[in-house]
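For reference, chains read A, B, C, D and E in written order, and residue numbers begin at 1 within each chain.
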Amino acid sequence: MSLQAFLLLASALFSVGLYGALSQQSIVMIMMGVELMVNAVIVGAAAFWFHTSPDRPDGQVIVLLAVTAMAIEMAVGFAVTTAIFRSRDVDMTDMAADLKG
Amino acid sequence: MVLWLLVAVPVMVGVALAVAGRRADRLAPAVAVGTGTVVLALALWAAMARPAVSAPLLDRLPVGLAVDGLSAVMVVTVAAVLMAVLVFSASEFGARFFGLVLLFAGAMLVTVTATTMTALLMSWEVMGATSYALIGFWWRDENRVASGGVAFLTTRTADLGLYLAAGALLAGGSGGLALADLPGIGSGWRDVAAAGLVVAALGKSAQLPFSFWLSRAMAGPSPVSALLHSATMVAAGAYLLLRVQPLLSATGWAAVVVAWVGAVTALVLGAVAVVQRDLKQLLAASTCSQVGFMVLAAGAGGVAAGTGQLVAHAATKSLLFLCAGVWLTALGTKDLHELRGAGRRYPVVGISFGIGALALAGVPPLSIWFTKDAVLSSALHSSAALYAVGLAAAAMSGLYAGRALFLLWSPSDREFDVERRVPRLQQWPLPVLAAGAAVLGVVFGLGDSRWWEAVLSAALALVAVGLAAVATRGAADVVDGRSPVLSAWLHLDALAHKGVVALTVALAGWLARFDDRVVDGGVRVASGLGGAVARVADARVDWSVDRFVQWVAGVTRGLGRSARRPQTGQLHHYYAQAVVALAVLALLVVVFGRG
Amino acid sequence: MDENPLALLPEILLAVAAVIGLLLGSYLPKHRQWLVRLLAAAACAAGLVVTVVAWSGEDMAVFGETYMVDVATNATRVVVLVAVLLVLGLAGDPVRGTMRESEFVVLLLLAALGSVLLAGSNDLMLLASGYLLASIPLYALAGFAKDAPGTEAALKFYLMGALLGVTMLAGLVVLFGVGGATQYTALSDGLASASRVAVAVGAIAVLAGLLFKAGAAPAHFWVPDVTEGAKPVVAAFITTVPKIGAVVAIYRFVAVPLAAARVDWALMIAIIAAVTMTLGNLAAFFQDNVRRLLAYSTISQVGYLLVGVAAAGRSDLALPSVLLYLGGYAVTNLGAFAVVCALPHAATLADYRGLVRRHRWLAVSLVVLLLGLVGTPPTAVFAGKLTVFTAAFDAGLGWLVVLAAVNTVASVFYYLRWIGPAVRGEEASAAPEVSRWAVRTAYATAAVSVLLGVLAGSLLGVLGG
Amino acid sequence: MDVLSIVVFLPVAVAAALLASPRIGDRVARWTWIVASAVDLLLVVVLWIGYQPGESGFAYEVDRRWIPSVDSGYHVGVDGLSLPLVALTAVLFLACAVYSARETRRVRSYAALFLFLETVCLGLFVSLDLILFFVFFDLSIVGMYFVIAGWGHRDAARAALKFFLYTFLGSLALLLGFIGLYLAASPHTFDIVELVRQDPLAGKGAMAALVLAALGVGLAIKTPTIPFHTWLPPAHTEAPAAGSAILAGVLLKMGTYGFVRIAMPALPDAWRRYAMVFVVVGVVSVVYGALVALAQRDFKRMIAYTSVNHMGYVILAVGAAGLITSSETQARDLAVTGAVTQMVSHGLITGALFLLAGALYDRGGSYEMAAYSGLAAQAPRFAGLTGLAAFASLGLPGFSGFIAEFQIFTGSLGGAPVSTAVAFLGILITAALFLRAVQQLLMGQFRSPNGPFPDLTAPEAASITPLIVLAVVVGLFPRFLLDVIEPASRVVTSVLGG
Amino acid sequence: MIPVWRDVLFWVCAVLAVVTGIAVFRVDSMARATFALLASFVFAAGTVMLLDLPYLGVLVILMMIMEMVVMAVFMIMYMMNPAGLMPMTMVHNPKGSLAIAVGTFVLLATGVLLVPWPSSQAPKPEDPTMQLGEALMGDKMLVMIVLGLALFATMVATVVLATHRGRYDRYGDRLERKRPQDPSRGGLGR
């Protein structure tokens, strides 16, 4: 249960989430990808706290911060999705590409 | 102060008249003649008092004027000839003409009294420009204006030598650009200065190879020719060489060159004069030839002889031109054949012309016989060959002067188409000048020439005149049209045109096209990136800053398009680009960024 | 512990005004919501007064040293508060009496607060929280109109922000891992001996978020789309206020924790600056839509600002010049948007043809403002640019200055594409409707941008230059 | 407010007042413009009369700090280099104001723009601070852009843009050079006087060369010299007459003035080392400009190219002044004095020529010389002034051009004999092209594209004649001007040392 | 717990977290994806609990459950094919994304394995939760305050974005109605 092992897990979660964010068309699915990345952050922060600075609370606070951030991002995400769904009846990013150039 | 007045009066009155233009036409002759009188008086006074003045002009480079022995003679000559020309013209011309003539004479007066390079150069150039205006006086005729242009440009080409000399004089260590400093400056710069001065003088004096402009200058009114060819402009070159004779001899080579150019011009242009059919052209060529003697004198060290020749020639030539002018206005022609018998028709003019022509021929005891012998004697001092050429040239003058004389005096039964009375004012100056042409030589004497030289040249002149008499007897004119090359003044004009003018114009045109193509090509490039890229890819593209600027514009246009290409509007493209860019940045920093 | 709430009085004023504003708005009739605006304006004014009165050269670290009150923070406060005041002015016509006027104002205040907090953060976690606070209200503002372009803008804005926010958090974790702390001073000690690779990756990940806020490459993609999609007044705010906080935050981030790290962060920032300004300028070149053009222009301006940031620590002039530039940029950019707001129906450059005929002074203001953005003396941006370039030169970034200068020249082209038709005396295009509040704001900003330039010397003195 | 600042800012104040009062008519605007310019000229005359340089070599010096942290401020003053140019600016702007009495298109804006430009030009010449200098340098480009774009001929927009981009590029190079100077100075400063005193780049070869290159390119574009001149012909061809007159008469001088005010004294070592470059550029400009002008068929384009030629003399002179070999200080003084005199002279003469070209275009609707002939018959005043201006421009003694060119030639020959000798060709070719133009336009049988060719109107004559008269006054009695210039030239050459 | 078991438990949790994470984007219904995500979070939280941080682990799990419920509601609202009745291929640029993701992972993993991570001999706190609480009330208080403000902003923002009708639609421009005028009745307290 070394630090490297945790970090590998975090890297894997981060990459999987990144893949999702990059490849998904549905807004909600993209948000899921982003959440997986937050998951990685949580794991990483906890691991670093444990292995490098258990005497300081910073690592723990980061986890809390990440969780809150995730919640906030999700709430806004849903609101944005609602707004765009209402205004143009889509929930795919590909269909919202009028602004370009 | 008087010296200032001497130069300022003609200049200021001249400018005033020229500016006033037509409004002053009625007053102008009187004013001009009055001014001429004042100038003559001032000149006489200056010749006696020998004043010297100076005024600051540029940084430690003043304008200096002074009258010494040489210039005393010159100012009087200029003033006298000016007076004659003004009186002669009084019946025919308006304010603009008199204004320009006075300005011209003023410039000449400054030229002959200048003691510093600044004064000399300024007056020298103004004289050239005024001659342009005078030659092209009848401006509605583009040909005449063009002739003026040729005169101005040719003399200005030579004038560059004067600029060069001025620079060399300063660089050689003369703080004030005084002409007197010339022989004493550092030797390298001295040679440069001498070369520049010689070129300038030869150009102004219409010596070879610049002679052609004088032929074109005949397009101007006759009084202008009289002024130009006698005491001013053409004489100025010779005067300058006489003035800087110490410099010429100090360099060693310059004196020899000048002497030979003078001698050869005297001979060749004499020959040109012989075959001319146009009276004014004949006189013009003879001017070159006669001035050649003065140049020869300057080269050979005979300053006094040259000066004498200058004065005697001034009187003679102004007389002859004025006579030609009388006939031209009275009879409407200057063709020698058509003028046959004109001398008999207008006796006062004819006799005056006769005296002048004989003087020109070097017939003793008229003035030029004296002065020319003085010149030839100084030539003999330096080289026998020079003397021989000079002698041949003297023979030429006998030939052409005699030819003109006999053609004009030979009896003719034909009626003149146009015939007008000659105004009194035009006749008055002629006898006076004739007297001058006849007797002035005595004043200067024969210099240090030996008796046999004088006799030889007198005999030569008489023989030549005799030959001319034979040649023109009856209706014949044996030399007429014999040598096209000589008739056409050795084609110098055409040569200069082909060799210099055409070449320059072609170069200018080429450069302008280059410049235009640069601009236009640039516009084309800007019109499309494709074109720009193609041209850039084309290795033969000729480089230029402007095209470079346009090329940059074209490329930027392309870059601008590609810079907006990432902005697809598709979010997943944004995502991918941002992530990849950040990763690349991280790699860059990890690899290169060792803080 | 040094919880000195008074030190944060301007921030507190903003927060309180936001809360009260929301409450007040709930009880006000529709057409009297201007009271909320008044409240917000009063809070901003009060904040300005407090900041100026309490301004001192001394640095003060508060709340466990997680927050710095120093010249940079104070300057950011001033600039942000002035910018908010200007935006409130701009919002006069388009928002007045609409359904959500109070919410609009509240979101404005919260975003401004977030921006200030970004600038003052002396702790990575506070930075991340500030990032959230500075972003969330903007997403809502971008989609405020809830029309098709607005919501699309909000969507793209939000998704970019979410991804890069998480990236920032990841970077935070990495830096925390190798540095052992998130508070800058402690982190600085930790990073001094930390692995170069880890610091580089972590720093870039953290920067990703800040670059997103600043609208710099490679996180700039949202800028044109949001600027075009959102309402002009919102676009004005979004392209101005968050950038201020973000640029100062970047400055603080490289100047404190990264200062001792074994990473060439100057190179990093320099590359970002170079790419940002070049990309922004090039993309603006043949842009016909004025708002997109302005958007790209703001991107390039951030590039110039980052030139100054790259000089951090190596030139005494770096911070003052960046702050001066920020102030000048904020006013000038808001002014340019004010002109856009004043003519709501003029969308393309062609619509500005003959503006000088109809609205002489508006055209003059536009010329002054756009030339200001170019960096023509004696405007504020010129003074900023000049000092920023000087600082970068001082710091040995000559190549970057040359590139920036080249870019400045290039930028003249597209600003002229706008100025040209506006001042040429041709027949004007269809008579545009004019918003009076926006017009006044445009005049004011034009005047201020020149005034700031003239006063640049004394300003720099105050900013410690 | 000191008198110099009043002189500088009076026009722009009037311009603002003009813009701010929308109700006034064209007539009032015109007269306001003329009166403002006249008052400004009057003030300049007062300045000239009271000119008494102090210890520093400057008169009317004012020094207020602007950006102290970079030591830049509002530092203005006049010395022998700038006072003549200030006077020239005031004269030319008044001439343009009088000349433009016939302008009918948006008179108020036109007047305001020119007044603004006047302030900018005056401001540049009195600046003793690099930033201030740069500010005015840039604003001049902006102002002229609007003049060309707003009141030019058919293709004005493109020409104006080209002008703008080109000269702006130059100004950026200039700015880089300024920053280089600033950084080299210790303590850092943008103050020109202080920089000259410090000689910050002495002994720093590469850096000095770079800074000089930046300054050189920036100023050369504005001057313009070969090969940076291509913006000039289109800008002139498309600009309105008064705009061309100002552009050629005043704006071009900013480049050459920059050389004598900044590049030479602040970088004496580098200047001496690379003086030959400037000499060569100058000579090539002289000959190339003259030759290309010779080939032009368009009167205005021809004059434009002669500007390249005439500015080439200035570059030649300042280059030659830096050549060590001309140890004779008198020659170098002469060269620098000649350069400044040439700026004044070219301003007067070319200003007059462009105004005449404008009059020509108004009557015939074309600049094509072949379209005209014998204009002297119908328009003697036009013919007389054109003839005089042409002769003045070709360097005839009696006009200011000769005074300038003679000093340049005489002063430069010692240092750069071959180059200077080649440059002599310039006056010959200009003579040829002006004679040709005069002959084509004025002499011969009358012909004009639009039938009759009325003579100059009173305002036109009143604006052009004084310029010619001034050129003659300087040509005959140059001491009043040279007495002012010479001490300042000596300062420049003494700083150059060697 | 015996260290070996902790290791085993960790690896099990880790692998499952990743696998379920991948499953989020492989399953063909959004509902399944939601639950896969939840699972991934739960397993990751499990590893966190192994690090003596039970409080945070539980917090994550509870948070995720709430969120997934909300997400389910949304999916129903927008008819996003919740039951997986139709197979969905809502992806773009899958290969590129995969390449980027794999590349990122390779780079990160290389870094993880090569970077000399610091280690601490510092004693573990008695009660990590206590440590967290002290920090929140102490040094990191401002962080929490700002997060609170962010939450406040989130509320305002979501309301602005998501609700169609505002108070003036319901209660009139002067808020004069006692009862709101809604197109369909219902809601809290009605």
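Points to keep in mind about this one:
The rule is simple: a residue touches a chain if its C-beta (ideal position, glycine included) is under 8 Å from a C-beta of that chain, and two chains touch if they have at least 3 such contacts.
Keep in mind the model is a prediction, meaning the values are calculated, not measured.
Chains touching both subunit D and subunit E: B, C. A summary of chain positions shows that the Cα centroid lying nearest the centre of all protein Cα atoms is that of chain D. The chain pair with more C-beta contacts between its two chains, of B-D and C-D, is B-D.
Subunit C and subunit E, compared by their mean Cα positions, are separated by 30 Å.
In whole angstrom, the spacing between the mean C-alpha positions of subunit B and subunit E is 101. Our note on geometry: subunit B versus subunit C, Cα centroid distance of 75 Å, whole angstroms.
Chain centres here are Cα means. That of subunit A falls 94 Å from that of subunit B. Under the contact definition stated at the top, the residues of subunit B that touch 2 or more other chains are 564, 567, 569-572, 575-576, 579. Annotation for subunit E: residues touching 2 or more other chains are 92-93, 96-97, 100, 104, 117-118, 120, 139-140, 143, 147, 150, 154, 157-161.
Along subunit D, residues 165, 169 each make contact with two or more other chains.
Chains that are in contact with each other form these pairs: A-B, A-C, A-E, B-C, B-D, B-E, C-D, C-E. Of all residues in subunit D, only 19, 22, 65-70, 72-73, 105-106, 109, 131, 134-135, 138-139, 142, 145-146, 149-150, 157, 161, 164-165, 168-169, 172, 175-176, 179-180, 182-183 touch subunit C in the complex they form.
The residues of subunit B lying in touch with subunit A in their complex are 564, 567-572, 575-576, 579.
Looking at the complex, you find that subunit A touches subunit B at residues 18, 21-23, 25, 93-94, 96-101.
Listing the residues of subunit B that touch subunit E in their complex gives 570, 572, 576, 579-580, 583.
Residues 1, 3-9, 11-20, 22-26, 28-29, 32-33, 35-36, 39, 42-43, 46-47, 49-55, 57-58, 60-61, 63-65, 67-68, 70-72, 74-76, 78-83, 85-86, 91-92, 94 of subunit A are the ones that touch subunit E when the two sit in their complex.
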